[in-house]
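Below: a set of structures, written as structure tokens.
Common to both upcoming complexes is chain A, partnered first by chain B, then by chain C.
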Partner chain A sequence: MAITTTQLQEQIKLVLEKLKDIPTLPQVYTQVQGFLENPKSSAKNIAETIQSDPAIASKVLKIANSPFYGFPQRITTITHAIVVLGFSSIKNIVLSCSVVELFKSVGETEMFDYKGFWKHCVATGAFSKIIGKNAGIANLEEVFLAGLLHDLGKIVIFKYFPDEAKKINKIIAGGKKTIGQAEKEALGFSHTEISTWLYEKWNLSRLFIEVAMCHHNPAIATHSRVTSDVVHIADILARAMGIGWAGDHSLPNLQESSLNRLRIKGSDFSRLIQQGMAELGRSKIFIDALGSE
Partner chain B sequence: MNQEIQRLTKLNEDLVRSIDELKSLKEIALDIFSADKLESIIESVYKFFSKNWECCGCKLFVYEETLKALISKGDEFEINDSLIQWSVDNAKPSIIPHKNENMSVMYIPLTIGIKKLGISVFLFKKKAEEFDSNATDIITVISYYVSSYLLNQELLNEEREATDYLRVLFESMPNGIITMNKERLIQFVNRNTYLFLDIHDDVVDKHISEVFPKDISDEIVNLIDSIARDGFAEELILSRKSQYGLELNFAVSCNILRIGTTNAGFIIILRDMTASKELERLRELDRLKDAFVSNVSHELKTPLTSIRAYTEALQEMATEDTQKEFLSVILEESDRLLNLINELLSVQRIQSGRIKVNYQKFDLLVLIKEVMKLLEKQSSKHKLILECPDSFHVEADYNLIKEVMINLIGNAIKYSPNGGDITIKLDINEGNIVISVKDQGIGIPKEAHDKIFQPFYRVDNSLTNTISGTGLGLSIVSSIVQAHKGKVEFESDTGKGTTFFVTLPPSK
Partner chain C sequence: MIPKDLSDVQEGDVLAQNVMDFTGNLLVNKGAKLTQQLILQLQSRGIRKVIIESNDPEALKLFEDQKAQSISKIEKIFTDFEGNNSLMELKKAVISYYKNNYVDF
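Then we have the complex of A and B:
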């Protein structure tokens, strides 16, 4: 990828590689991913793997039965969830559950309202799903996840760079800078670079990597331009609606070109926001997942 | 070493299986895309599923406004409507365990993008969790094949409908339409063209000179030449005799057919002129009639004037009362005849649009007094009353307005045979001049209200048949007033009298 070859990226890599305990996704995700690459894997194999991590397994069942999927029958076993929702959905569900687990392990820091931030992530996911549907994207689960994962770098900074995090908070409290500018000032790079680096490490699909990298400026996206446009708009709508905590009080500029590419007119917003709020209601399970247990 | 052999053997097995799968996928893809019927596609899919995953039942639903069951194969099985809905709404294939533990039902939505085309449901003698991800992938791919077939059919139907509509449109036009390509070979001809030009053969891809009558094709070729050269040309009027001897007149116009900015050929439109020719013929007849009436009236007037003059002279010379009385009858009848001819001439002049208003300033009061004096002599039973200020200056055509007043006051006298008051009133209303003439006569019956301004119309009943007239007076009044951009109205109460209102626009 072009961006990783730049000098800046190399520098960031150097800084980050020094981190001893980089955040990792639970083992179960990697295993599920491995099974899915093998065409002979059956629902049974995958179910056994998921059940080996009870925390994840119970979340998977809750999400599968939630209004997010709205399946008309009760799904009682993981196997049932896999055959009914399909293999790729299960992978997505496990990924989102894994991110929740990750939040639990890294999120608890006094300097950052991680629950508020998670809420912002879920809202961005929900708005992305609606805007994506409006744009005619077929795989809406993936769009939701792209929204959910757009900003994880922020929380990594606050967890692993506590000294710089204090600085960042101070700069943001000044009220004139965005979180991205503050991060650059304190660290030399921002959460977008961290997210990109992290997702590459996790071996996530190119879509998630590019959306994390480009959602502030979708015009530079090459592989996933439409989803980047979608998440860009969803992020700003979630901020505008005041849902959760995006790290600062600013409201970034909506890129005119993104609206044009998705053919969204000013008059569409009230409908999109209304549908987005309803979708957020259906996605409540993801917000609850962080608090429960 | 042993391990390596094992690994390679396994890999080989996997590859052989993959090749088999690809082969069967290729086969089914060929079957689907070469099929001409949905039934045969579902048949192939069903066979494929039976062979590979013990499929034993199949149902297909397609959206035609609502979801409609189209095809059912193999064993009968129950279908859950809410699962169908969910599967289509989420565009997700879903395997649902069956009541019988060893069986499962697979719902495969047929969707492309956000377009919902239908759903296929399959019954398998296999547990839900026994499907591996490879199987679900292949099933999903096959459902895409079926979806794209359905979408293709839908698009084809839409296109067919659009083309049919266009064809019907062309065929139902009352005009003849011919299109040709740049080489001027005919591409399309509608039915009416065949009727216009009496052609019977197939004309497509032929030059017009091969198929149209020579004189006509020569003219059309010239028309196309000038269109091609100058970009425009005047409409041609052509005529030809049909095989039944009927003369057919038609207009020919031509235009360049442009697709985008390129010149793709020409379109020629033949328009039937029979109707407009007929109209032209009637207009000509009307003109002849007008000329005839005008000539005859003039010819009649000359001798009549002589008759009148000599009669007057004779009257002075006559000594006997009987002679005088006879002569005065001749004089009266001549006057009537002269009047009739004058009125005919007026109507004729007005109807042919030759009425010309010579605007001049004059005192309306003077004019009305003059008319009153003229008419007072006709009747002793009537009392003419004039209600108006000292003078009333207007700008209008003196002679024409005088004719209006003679007609209106004359009618008031004529149609109040028992006498009574006739009130003439001059007024200004919203800047307009309003002249009203009110009598206490027999009135105008309701059924005649919308006809009295038509030329030659006369109210025909026991009250009016003793009153003479031509039926032209009010028609003249209305035409003159209209020529002045004014209007005539009336109020009438049968048995009590009528009031006519003439409204003229203010003087300039």
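Then we have the complex of A and C:
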């Protein structure tokens, strides 16, 4: 009997709920999120919360001052950053910094090139921003983050399922299979399901959950179809450019329907690559952030 | 085509790639010859590195080697997709990008 999606989800949950110390986002993110949902909170509340985590606070300032935002004046305090960038940007920056911190704590593993993987995430974010811009999406910061977060389930597998990870690496060494296929063979499910489970646990917005779930098959997206299409193409462009390490030596299936919905023709690739690489240059701060304190 | 710190460039060096500022605005077109004034202007805009044309055989060899290595990596990524038109167009675009740009990621 074929396993239905719901049954699969239940099985995955059973496996994952047994994991000890699953990755969590720093407390500061949850607190900032809480403040933003409360109309009575002030910039002062949020600034104090961010400052309570010095590692995050210093990264927030670095990113706010980077070419990624491109503000001409120098932003020197968290309060200043909140005033200039606004609540929603601050929340996004705190989320991306939190993910960097998370990477630092769970990232190190012999079986997985986590720095290369982080580059893949940032490159996918940068290409997502450009493709999203071409598709007319207004909130490009969110599209960048959706790209940045699309694959985090992979790192959970390599950190928490060492035996299966060995199997995955063996399958991939053959050169023909994608990491998603190898994960399914070794584990019965893949990084897309793990990310979905994790992001639900983290209480992330539906956009990030759906993009993580659907980026290899955007046709099944219901809530965030366009962004899923965008990240699907961005993931393939980042891999095609050979930037970073997505986990395998192949390419996932390119969905022609995504290209069609976004009206991208083969002749557009050159321009998207030019723009995407320039955007990646402006996003370098995210790559550097992993190496800095 | 080689990357050089702005503090090491010399007057007369020719830009091999466009120079953009922090926000992504074009500052100087590729092909421009660097003058003392231009170098100072770029420094004041926070630019630290530029890509310049080079005749230095060692530097050129390094760049050509890096390019060849990247392109063979790209060829490998696409080996199984000869029949897919979109992916073949993508491959063409990627290789042409590597031929014309210095990539340091």
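In the analysis below, the second predicted complex is superposed on the first by the 288 of 293 C-alpha atoms of A that agree within 3 Å, B and C clash if a C-alpha of one lies under 4 Å from a C-alpha of the other, contacts with A are read in each partner's own complex, and residues count from 1 in each chain.
The rule is short, and it goes like this: a residue touches a chain if its C-beta (ideal position, glycine included) is under 8 Å from a C-beta of that chain, and two chains touch if they have at least 3 such contacts.
Source: prediction; values computed, not measured.
*Asks:* Name the contact category of A:39: first (chain B only), second (chain C only), both, or neither.
*Replies:* A:39: touches chain B, not chain C.
*Asks:* So, does A:70 touch the first partner chain B, the second partner chain C, both, or neither?
*Replies:* both
*Asks:* For A:83 in the superposed arrangement: first (chain B), second (chain C), both or neither?
*Replies:* Only chain B; A:83 stays clear of chain C.
*Asks:* Should A:138 be classified as contacting the first partner (chain B), the second (chain C), both, or neither?
*Replies:* It touches chain B, and chain C stays clear.
*Asks:* Just checking: does A:93 make contact with chain B only, chain C only, both, or neither of them? Give me first, second, both or neither.
*Replies:* Touch partners of A:93: none, neither chain B nor chain C.
*Asks:* So, A:155: does it touch chain B (first), chain C (second), both, or neither?
*Replies:* neither
*Asks:* Once the shared chain is lined up, is A:50 touching chain B (first), chain C (second), both, or neither of them?
*Replies:* neither
*Asks:* Which chain A residues come up in both lists, the one for chain B and the one for chain C?
*Replies:* In chain A, residues 70, 72 are touched by chain B and also by chain C.
*Asks:* Sort out for me which residues of chain B touch chain A in the complex.
*Replies:* Listed in rising order, the residues are 14, 18, 80, 82-83, 85-86, 90-97, 104, 111, 113-114, 128-134, 136-137.
*Asks:* For a test of understanding, state which residues of chain A touch chain B in their complex under the given definition.
*Replies:* Listed in rising order, the residues of chain A that touch chain B are 35-36, 38-44, 47, 69-73, 79-80, 82-87, 89, 133, 136, 138.
*Asks:* So in the complex, the part of chain A that touches chain C is made up of which residues?
*Replies:* 67, 70, 72, 119, 123, 176, 236-237, 239-244, 249-251, 254, 256, 259, 266-267, 269-270, 273-274, 277-282, 287
*Asks:* For the complex, give me every residue of chain C touching chain A.
*Replies:* 20, 22-24, 70, 73-74, 76-78, 80-81, 84-87, 89-94, 96-97, 101, 103, 105
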